[in-house]
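Here subunit A shows up in two complexes: once beside subunit B, once beside subunit C.
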Partner chain A sequence: MFRKFSRIIPYLLTGLMFIGHSVLYAQQQMRYPRPEFETDYTYPEYQYIYQRSPVWEYIDVAVLIAALTLTSWLVLKKRWRQGIVWVSLFSLAYFGFYRQGCICAVGSVQNVSLALFNSDYSMPLVALLFFLLPLGFALFSGRVFCAGVCPLGAIQELTAFRQVKVNPKVEAVLGSIPFVYLGLAVLFSATGSQFIICRYDPFVGIFRLGAPYTMVIFGSLLLITGIFVNRPYCRYLCPYGVLLNIFSRFSYRHLSITPAECINCRRCEPSCPYGAINVSDKAGENELTVKPSTVRLLYPFLIIFIALSLGLIAYNTAPLLAGVNKNVMLAREIRLEKETGIKAESEAALAFRESATPEEELFAEELIVIKRFRAGAPLVGIFLGLSLGIGFYRRMTRLPRTEYEPDRGRCISCGKCFRYCPVKPN
Partner chain B sequence: MNFTEKQISLFRTLSIIAGIFTMIIAFTMIMSLIQLKSSDPLSSPALVAVYEQFDRDPDNTVNAEYVRSLDLIARKAYFTARWQLEAGSYLLVIGAALFVLFRWLTYSNEPLIRTKLSPRPVLSENQNRNRRYLIISASAVVVLAVISSFILRPLMPDPGRTKSESVAAVSPKGGIPQPDEINFPFFRGAGSRGIAGGEGYPVNWNGNSGENIRWKIPVPKHGKSSPVIWRDKIFLTGSEGSDLEIYCIDKNTGNILWTGSGSDFPGASEEIPESDQEAGMAVPTPAVAEGVVCAIFGNGNLLAFDHDGKQLWATNLGVPEHMYGYSSSLLIWSDILIVQYDSDTRLAVMGFDLKTGKIKWETPRRGRAVNSSPVLASFDGIPQIIINGSPDVTAFEASTGKELWTIPGVKNDVAVSPGINKDYVYISANYEKLIAIKAGKNPVVAWEDNTYTPDVSSPAATDEFLFIADGTGGIACYDAAGSKILWENYFSEPFYASPVVADGKVYYLDRKGTMHIVKAAGSYELISQPELGEDADCTPAFSEKRIYIRGINNLYCISND
Partner chain C sequence: MMVQMVKKENENKSRREFIRKAGRIAVAVPLGTIPAILSRKSYATGYVWQIDPYKCTSCGLCKTSCVLTPSAVKCTNEYEMCGYCDFCPGFLRQGARVYDTGAENQLCPVGAIKRNFVEEPYFEYVIDENLCDGCSKCVQACEDFGNGSLHLQIMQHLCVNCNQCRIARVCPSDAIKRVRENEPYLSKDRNKKITRFRNKQVSAAEEQKPVIE
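The block that comes next holds the complex of A and B.
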């Protein structure tokens, strides 16, 4: 009886959790807006908000380590998909709805970036641990963070039950977006401009039942899309996934489809909804056609060309990118007013006028920000160029595959392929 | 779990209904959101009209009740819309969850393994394809980089510079205007340094007999501002009570081309400050540049006109409270109008956009209000404004107003503007001392002397000599680098006008209108002493072999032809 309904239990629990959260939220909302008294009653001026004890931050880290360890065991030793789902559900409940999606490893990239390039900012230890621990586990056991700990992945996993295979070329193009997203997120946070990962987190609005409605709608649409194109955020947006991708390629151990030797039965081919299974090459045509030669030695130089060219493009577009910085935006608005007479009416402009700050001070600050973008943007361009070039080069020079194996970078260790493999463990 | 066909069909239908329901809710929410973002209930025309009606008659209780009720209705409608949006978000999530659930149930019967598999990849094809991608990517990116270098970079404006700044003509020698033969744009000439360009200026004239007086016109209203010249036009100001005027006069004929009002603009002050009534409010000298002339009066009215008399902009800086009346003259650097504002309640140096009058920067100053005027100089390659204040001499960056350096100077009533050469700044105050400051990032006092301490007349300096005229009738020449007095002489009348060095001569105009023309050299040689025939306190202007002197009542053009 339990086995019959075990598959829907996670959904039932999620629904209960959501309803409970909503009831609490609704009770809060019943008091909004405040009543407007017609008497002389005035609301108290001070309202105290009790802060969460710092001990709980370390409990969060402990829970993170426990979840990562448990998921690693479930993936590598137990090879139990259902267990991974349970851990994922727990992570959704704890890191998602209870901690309301913050702090999360995905956003911690920005904290690290800001700390590295701004001496005024001290990164909290907890944020650093949230950044480092999943990467450390990725080096040891692959992307187990994605499998069972990340709340963003967990909520998408709930709707990932129908699979539409994405064209590999489309997959490759869309798969480059996280690299660009990571580069921009690091650049914007390093220059103190914006934390775009947090700002455009599509699911935090669902976790908190409070976000700009555009983000709630975007998150809901992502979940619906995830029915057919599973885990769209993880595959086509997540910037932290880029780092996990890189680290996981060097992992000491990794999920394997088969518990023993692969027999090339092909039963696992349709199992992966994320296109992360490297299929063995067609039998009989597994010889390298691109033989080692002097010409092949030139290809690394092409990678360097790509990297330097993208770096130059990024340098040229740095003033455009700097437009996300609020001081640059304000300076441009003020300058536009002076040149064209179009009145600067934004709140920032009005506050600036009232502060009587000299315009030259604002323009000097703008110059400083643009200089920082000029310094940082080329590095982003070079990173993107190297990623693109190395990706092509790897595929161009890979050795023939004789068995089915998960792509160490793209495989998120979800374990969906386990039940497809007929091979029994030794 | 296995469901029957009928159940699967039911789940499919329910999922479609849930999906349509979700899309409708999402669409409705988007519309509500747009409406909520675009409407501000407190800015609705009806409410604004009611507010205005209430403002006109605030004691009317009926109006007040009407405002309250309308305001309450508007706010309730707004918050109701917000509540609807929040409720809609719940419905959206529930609808989406139901859609997902029924879809999942629909597909739960699907076989584990699909029979149709995609063809196996061929390694050689894969590798060739990726090799092509690498080459194409490299080519495309390099081309894009070159194109972006040409297209994007020139389009990016330099931050902090407006278009007008980008094309502004910057004078040579660090951006400080140099004396030229034609223009005499500020008090004491280019840079306000007391040096005139050109040569062949007259040394003999007589205002009584008319010798070498090309023309003479009465100035309509009284003033102490000195004439300034741009091309063929002379500008000066006058006042009578609160009636303030600026005049544009043809340099060649003496005809008044136009008269601009210094008090006819919104926000103009008509207050006559308590100060030296004899001086009036037209004491600060205007400043002129290509296409614009600016004037300031003793009540803080600041105006700009084009050379045809059209008012470009006007503002009031606040009526200065000053014992002797506000008298600091204007300067222009690049497209910034420099105003030294001295009031007992506020000290500042300001930079205004020359074309629009918008304030570009304002830097507070320390000390007491003074009557000196700013001068332009360039030290360490930085164009700067030097102000002889009390108690400090301070330099401000001309483009930003940023304070560059400051050094203790004189403390008494300060009316003397600094003298400048390439290395030194010379300042003084009556009955105190004359100080030579080696200017730059680390200014130091080079030498001091208290033999000659002018009280109103500002010194003029060349790189070799410093020329002084004081309020007792004494004139002197110092060695510019040291405190040695090279020559000195005494005349019977005091000097208020500042000496001007032109064509190798120094022109000293005393208060009785006698010009004492001395050779600008290390030894005293009096060339001539022509008389104006009228009292004079204003510093003369020099342009194209002619000298323009404002007397108490008249403006003279003195020329050899």
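The block that comes next holds the complex of A and C.
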């Protein structure tokens, strides 16, 4: 029986091949055959234009290094506020209006996390350098990037005309927003979903003189706020500022308010619009904080508890967060369509129907994305919990201070305090 | 008493110094490892955004979603796929009473498609990039009724190369993807790779073809 059947197999295969071949041929065949020109007509060549040269991107890196070095020198050695203003004016003109704000160090965070967790994206070297260099400089000389180089900072610095002091408690609460923003930005880009920092970049519309109106309104509102509450984006939103904050805390050198020994004259107290000056305990008003030893012992456990519980919360909200991914959104829409019978009307759903991709493929994709969110979200939660716990700890206990010093994390090295100090350098 | 205070101060200072040093090492380690990890997969050339013509559903969002006005997305004709039809569905509006080149009979709302006579019965269709706004009406028509040689491409001399392309975010079919900088255009012809480019825009006067006899 089988031997009889096996004889037919080659013929069957040949038949299949013919059918397959003709289907492929029909697919390749165009509706209208390619014309056979009798005249000496030739197809137009080189219809595409390409003039971008990578040289410019490396010039950007050179300018970045030069501006960072110059600002460091102005902050640490020269102590010249006006010079820092000039550098930031240049940075605004070059990185902002001339290079139109892309690529910037703030956005490069997303490229790094996309490259770290996705094998099909490899990091452009320029973006990597834009990510690393400001952090390296922060480790050496504090947040000089914010002071003179960042175009987003510069546009706010140059439009800050008044100083309204923000209550330190309000400042602390608003100052925690960037941590959440950074966590979400890293999570969304690591899962290949979105680049939210670029999407909600407030000033790129102003640099390009053309953007969706919501972007321009958001940017203008921030600038108007910034006239009174200086640098609102840097303080209450900037996700890269979080990294600079952490790195700057451990910097090798940092801006100092006084050029020599602090005499605790209190004159620099009102100078900082960001509330980034740590008041000396010798000035009299501050009492030394009481340091209860039991709290000190218990606190590490509390920090771990906060971190783990936030990690758990983040793990449980992962499917919700996954909704920002386009495929997940589409899969949910299609599933809803199947359940309710109401036709999905979005452009994505129409395109999905047109492409005739099997639904199972889409649902499998959705599961993969949610799995990645499940893996990443707890880490983000733990990071947020640790930052929160350490922030609380720092507010509760501190070592007494004998002189006025900038808070290394929040000080952006703008140098506004220089001229308030009456001490002459020795 | 005084001596004790100074001693205490020094203690605090050295503690701060210790925390700072330990922290510096702790944060310098990831700063060093990130480039080490990425060095194997980082390239000197970057990425640009481009439309995959086979995923594109010509929905028209390219025209409205680009950060530039008019959009950096333009229509191009893959000449080697074009049928050079007399009744080009991308050029002539469906349902027009008379099939001639009058403005009211053209499909393109901005008149960006130029029709040149080649020989009987073939006509060449050239897109004037300065006029085209990427609305994709002709692309849809050519896909539906013609050979599908008209397709959308992001023109790299116009594109400002945002870190996150705004059209890519809204594109319903995920047709916009990052491509390597040295291959910035995708041809509708699957077997063709576009590797040679003009380096500047040729003005309309220069583009006039010599008359074929």
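Brief remarks on what is shown
Here is the rule we go by: the second predicted complex is superposed on the first by the 361 of 426 C-alpha atoms of A that agree within 3 Å, B and C clash if a C-alpha of one lies under 4 Å from a C-alpha of the other, contacts with A are read in each partner's own complex, and residues count from 1 in each chain.
Note that a residue touches a chain if its C-beta (ideal position, glycine included) is under 8 Å from a C-beta of that chain, and two chains touch if they have at least 3 such contacts.
Everything numeric in this text was worked out from a predicted model, so none of it was measured.
In the superposed model, A:Pro400 lies in contact with both subunit B and subunit C. Shared-chain residue A:Phe247: touches subunit C; no touch with subunit B. By the touch criterion defined above, A:Ala115 reaches subunit C but does not reach subunit B. By the touch criterion stated above, A:Ile65 is placed in contact with neither subunit B nor subunit C. Within the superposed three-chain model, A:Cys262 lies out of touch with both subunit B and subunit C [touch as defined at top]. By the touch criterion defined above, A:Leu386 reaches neither subunit B nor subunit C.
Once chain A of one complex is fitted onto chain A of the other, the partner contacts of A:Leu135 are limited to subunit C, with no touch recorded for subunit B. With both structures placed on the common chain, the touch criterion links A:Ala344 to neither subunit B nor subunit C. Of the residues of subunit A, those at positions 33, 400 touch subunit B in one of the two structures and subunit C in the other.
By the touch criterion given at the top, residues 4-5, 7, 11, 15, 18, 22, 29, 33, 36, 158-159, 161-162, 165, 206, 209, 213-214, 216-217, 220-221, 223-224, 227, 266-267, 269-270, 279-283, 285-290, 299, 302-303, 305-306, 308-310, 312-313, 316-317, 319-320, 328, 331, 335, 338-339, 356, 358-360, 363-364, 366-367, 370, 385, 388-389, 392-393, 395-398, 400, 419-420 of subunit A touch subunit B in their complex.
In the complex of the two chains, the subunit B residues touching subunit A come out as 1, 22, 26, 29-30, 33, 72, 75, 79, 85-86, 89-90, 92-93, 96-97, 99-101, 103-104, 107-108, 112-114, 117-124, 126-128, 130-131, 133-135, 137-138, 141-142, 144-145, 148-149, 152-153, 156-157, 159-164, 353, 356, 358, 360-363, 399-402. Only residues 30-35, 37-41, 43-52, 54, 57, 100, 102-103, 107-108, 110-112, 115-116, 119, 121-128, 131-132, 135-136, 139, 194-195, 198-199, 204-205, 208, 210-212, 246-247, 249-252, 326, 346-352, 354-355, 399-400, 402 of subunit A touch subunit C when the two sit together in their complex. Only residues 9, 12, 15-16, 20-21, 23-24, 26-28, 31, 34-35, 37-38, 41-48, 55, 57, 59, 61, 67-69, 76-77, 79-81, 83-85, 118-119, 122, 124, 126, 145-148, 153, 155-157, 160-164, 166, 169-170, 172-174, 178, 181, 184-185, 194, 196-201, 212-213 of subunit C touch subunit A when the two sit together in their complex.
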